[in-house]
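Structure first, commentary second.
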Amino acid sequence: MKPLVGIIVGSDSDLPLIKETTSILEKLEVPFEITIGSAHRTPDFVAEYVNTASARGIKVLIAAAGLSAHLPGVVASKTLLPVIGIPVDGGPLNGVDALYSIVQMPGGIPVASMAIGKSGARNAAVFATQILALADEKLAEKLKVYRQEMSESVKEKAKRLSEMGIEKYIDEKE
Amino acid sequence: MKPLVGIIVGSDSDLPLIKETTSILEKLEVPFEITIGSAHRTPDFVAEYVNTASARGIKVLIAAAGLSAHLPGVVASKTLLPVIGIPVDGGPLNGVDALYSIVQMPGGIPVASMAIGKSGARNAAVFATQILALADEKLAEKLKVYRQEMSESVKEKAKRLSEMGIEKYIDEKE
Amino acid sequence: MKPLVGIIVGSDSDLPLIKETTSILEKLEVPFEITIGSAHRTPDFVAEYVNTASARGIKVLIAAAGLSAHLPGVVASKTLLPVIGIPVDGGPLNGVDALYSIVQMPGGIPVASMAIGKSGARNAAVFATQILALADEKLAEKLKVYRQEMSESVKEKAKRLSEMGIEKYIDEKE
Amino acid sequence: MKPLVGIIVGSDSDLPLIKETTSILEKLEVPFEITIGSAHRTPDFVAEYVNTASARGIKVLIAAAGLSAHLPGVVASKTLLPVIGIPVDGGPLNGVDALYSIVQMPGGIPVASMAIGKSGARNAAVFATQILALADEKLAEKLKVYRQEMSESVKEKAKRLSEMGIEKYIDEKE
Amino acid sequence: MKPLVGIIVGSDSDLPLIKETTSILEKLEVPFEITIGSAHRTPDFVAEYVNTASARGIKVLIAAAGLSAHLPGVVASKTLLPVIGIPVDGGPLNGVDALYSIVQMPGGIPVASMAIGKSGARNAAVFATQILALADEKLAEKLKVYRQEMSESVKEKAKRLSEMGIEKYIDEKE
Amino acid sequence: MKPLVGIIVGSDSDLPLIKETTSILEKLEVPFEITIGSAHRTPDFVAEYVNTASARGIKVLIAAAGLSAHLPGVVASKTLLPVIGIPVDGGPLNGVDALYSIVQMPGGIPVASMAIGKSGARNAAVFATQILALADEKLAEKLKVYRQEMSESVKEKAKRLSEMGIEKYIDEKE
Amino acid sequence: MKPLVGIIVGSDSDLPLIKETTSILEKLEVPFEITIGSAHRTPDFVAEYVNTASARGIKVLIAAAGLSAHLPGVVASKTLLPVIGIPVDGGPLNGVDALYSIVQMPGGIPVASMAIGKSGARNAAVFATQILALADEKLAEKLKVYRQEMSESVKEKAKRLSEMGIEKYIDEKE
Amino acid sequence: MKPLVGIIVGSDSDLPLIKETTSILEKLEVPFEITIGSAHRTPDFVAEYVNTASARGIKVLIAAAGLSAHLPGVVASKTLLPVIGIPVDGGPLNGVDALYSIVQMPGGIPVASMAIGKSGARNAAVFATQILALADEKLAEKLKVYRQEMSESVKEKAKRLSEMGIEKYIDEKE
């Protein structure tokens, strides 16, 4: 199936984090492609990747980067597709630098910032799917199921907690 | 024309900021609706507003709030539509509180955070339009023009600066 | 005994922290109940839990959450009972995000924020008990004893330190 | 009527802010007393004020301070009554220092922190009333009305906005 | 004279700040050119400007930007010339976002960050001149004189202060 | 009378702030001297000033600086006299930069940091006097009176507030 | 020998850190005493300890605390002796809370803040000794030697580095 | 070969970090020297080292320091050579203190700040080389190759990722 979501990460050290993104896309059966491209080390490769994305059928782009994290903004400057940014945690500032760099985009060229690190990596997948689901009822249905499962899982845990009490619950979890 | 974008602000004191959002939507001829609803003061009104949004034809929701800024997350918890959050500047922390509260959503329920304040308010409109443009070629065309104008305007300024020099440029601008 | 304090946590990963809360409530013999509910994943479950709390005899609610930490505010929006919030440490921002989200509530809907993490989890129990003790002299007496013990324990340590000197004290403690 | 809420501020420069607190207490007809006492400049006066509060019939204490803001914690160390802290905005750090100092209390001696500045000053009054309302049904009723009015006011604004549109709404408000 | 320093600003609203840079370059008689180019709105213009800089004789590039401030990094990714970055103050985060975005460059593509705002704008000029002075003894001499004047001016003020006393000194200065 | 306290400020723009320091020293009749010296612009002047301080009879040094604020540390590196640092507020970071730079001295060369801005400027004078008072009973007596006056002034305000009520108190103060 | 420096820590968990302080005092042969006292858990013990300090011959007080860290300020409010504060690192905010709480004292009641954690613990000892050395030439001499040794040690390392090169130096150190 | 770059670190504990700097200089065959000097513990040694640097043929100075990190600024105050600062990560604030202290230099005496920690240590070497390459075509060529290799390495990884898929890529890397 042709990929609808294009993922680009600033460094291969970001891949374990981005695994959180791809796992959810796989679960929701959203076809995606993934590459590595640095805004600073391979600007031309990034430009070409982004410039051709739309023609390849990509509808949403996800870009992840840490530290000064220019990648999502640089991607956004070269396309009219929606760009979702994931601030990678790590480095001495633990991702606050990446968050500021990704979210504080000037007027006209938006990047949709997700949370720093793991939660953000997951939500990038969900948000991309929410966009795609606007034009795909089956996907909308899958999202609904995904959210129901999430909700059921919390309720299940609540039930188990009420049955077992906090001490036993913690013991079993460990 | 039936609104495609639903905007909800946490307080009417946010409206002057959100004017930046609506001006761009108007310019791009994206039909929208706007209301006031507080996650804490009128949770039921917010719930109802969001629950019925999809049925009303809304495709994208924009929520703006300051301080603890729970509104975008609360909106997102009640819909599968993409939700864009605008952290309102103001208050003693000047919007950092709102940014953290909007962007740091836990895995599963994404909010797409824009920049704090004016830039974010503008970009919420552009980003919503980018999503809608995936299914609307005329809108995609308008976005392209919008971005070209933006680009032309910067180049024009560069040209005037090179002609006038920095001192004269600043003088005339003031 | 019917619970007087209702505790709700955003995720079962918060339970080890919240054990600090329940241990003190147990020690002070304050009856409590505890459940898991997510402001975003199970908003309806949270609403129902809170809406029925007062009728169940609950007098004080304690809500713990991390990251964007909307739970305490969402709880507070649905009840007139006092709500105590515990910002859970963890995540790349280590709980500053949760603190801001919990403490910066807009005028009208208060949440009483405790410290981030362990100290806050403990103090939520003590503060809830202080509220209940206003109408329960026996509880007030227990609190008094609790505080005296705390005070005695510090004085005991001071005495041991003065007898042993700092080096021996540290050695024995390790 | 004998005061039930005791308010203490660290400096008379905090009084305009604390007017937000007393206005709401007056509106809700909660009798209160107010004084000025510095944790550092008049520690003995503060100690005496707090030590005698319970005997005077005070049920809840509210303490407001800026900068290093030790007052709420010092008050809490001398009483078993619930203590609510208001971090005063102002100074070069704009109240972040006061927030940290008030909220980060060590285990055993809680202070219930409200938001920095105006929202916090308001919520201290509401939260104190919520505590008192646990033992006073008329007060509970007043709180309910207060919150309904708040809710109605937001809905009214939403209605006016939908009738007038954003531009006219902003114009009239200014 | 052919410009040796190329200055590029992200927006014409940065020009009053950058006047601090150009004034010092003029004083030190360092020939420079200045243009406006946005990393996001006119990426191609920026790329071309930077790609041709070396051929035009430019030895040092200065880039100033605010908010997410990708410009200096984007410039650095396209040249081997030394790039000096000025984080523009302004916006709700007052330039901390711009600082992090400029200074936290990943390994391999350096940007030399100056201070946020005015001090940084001045020092960009001085630092650029220090680089050029390595190959230009006359320039080194001018820098030496510039620094001596700066030093003399401080000593003069110290002398006046010792003669007048602090009160009179402040009065005259105002 | 020979000065006992030596004050050095990084720039004459710091003098209005430092007036808070000198006023208290004058009130407490502590003889002092004041000069301007920059750690970076006039390092030799600073070195000489500090090197000769002890021989001139100076017992305590006070150094005030903003931004990167190296002055107090540079002063401390050249003397065994106690050095008190005042972080000057101002600049885009409003003195947090100066605070960190002054307070985070490495082991071995201490600087005693006061609060950022006005409170710090006042307390530098009080702290210097406290040091001098260890060897001067008259000065200790003056400090005692100073603190009593401070205490009385707070109590007086408390009394006025209790007589007038908060509204009238605020009105009269304005 | 009668102690001249009184050290008080907020909790016995601070003792390993404060060992850095006592080691240097021992090395410099400055007699000291040390106790544990909590501003919140044992306010009366702290008050008595401080009130009697001067009579016991104490000249300088050192107070260490973490989190909301009121101890140094509370100590300072009860004495005219110089008070040195050590912000203890640890807790979710890693000592920034303690730093703000200690350093941001309001005008009139100074606390001399040292660095957060280990460097601060060391410097509290050095700074206390610098104060005492004003009235004790032998101590001044010891301080001079202490600083010379520190200086020699750095120079020795520089010499070894120049002889061995960076690689071998690192290898041997590990 | 005579060293062109002079590196000075504040403490020998910074050497493992600075190894990142020297490795790149070695790779690019830029001759350098390295020493240890503390702005506070050995100010005279630092002064002498810097004063004689130019005469020794040094063209660029690199200074690394943590905590209050005055070293780069102190170095810059004594020379007209370009000074590059590396904020060392570590300590309770993890290098934010060092960053502010290094980058926030007042107007007139610039320090070129690199990123905190490892990225900064690497980039100091690259930036120094970029300066030297202005007058050395061979060096410019080496830099070009270095950057191409960096670019190739990213592209290689992208290729491998596209061949292997994310899961296998991560597995092999671990």
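When the chains are written out, they are named A, B, C, D, E, F, G and H in that same order, and each has its own residue count from 1.
Keep in mind that, in the parts below, a contact is a pair of C-beta atoms (placed from the backbone, for glycine too) under 8 Å apart; a residue touches a chain by one contact, two chains touch by 3 or more.
A quick note: this is a predicted structure, and the numbers were derived from the prediction, not measured.
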Chains in simultaneous contact with chain D and chain G: C, F
Chain whose average C-alpha position is farthest from chain E's own: C
Centre distance in Å when chain C and chain F are each reduced to the mean of their C-alpha atoms: 41
Length of the line joining the C-alpha centres of chain A and chain C, rounded to whole Å: 33
Whole-Å gap between the CA centroids of chain A and chain E: 37
Touching two or more other chains - residues of chain G: 11, 38, 41, 67-68, 91, 93-94, 96, 103-106, 108-109, 115-116, 119, 147, 150
Touching pairs - complete list by chain label: A-B, A-C, A-E, A-H, B-C, B-D, B-E, C-D, C-G, D-F, D-G, E-F, E-H, F-G, F-H, G-H
Of all residues in chain H, those that touch chain F in their complex: 10-11, 38-41, 43, 47, 66-70, 73-74, 76-78, 91, 93, 96-97, 100-106, 108-109
Residues of chain A that touch chain H when the two form their complex: 11-12, 15-16, 18-19, 22, 34-38, 41-42, 45, 67-68, 91-94
Complex contacts: residues of chain G adjacent to chain H: 89, 94-96, 115-117, 119, 147, 150-151, 154-155, 157-158, 161-162, 166-167, 169-170, 173
Contact set on chain B toward chain A in their complex: 20, 59, 80-82, 84, 99, 103-110, 112-116, 118-119, 122-124, 126-127, 130-131, 133-135, 140, 143-144, 147, 150
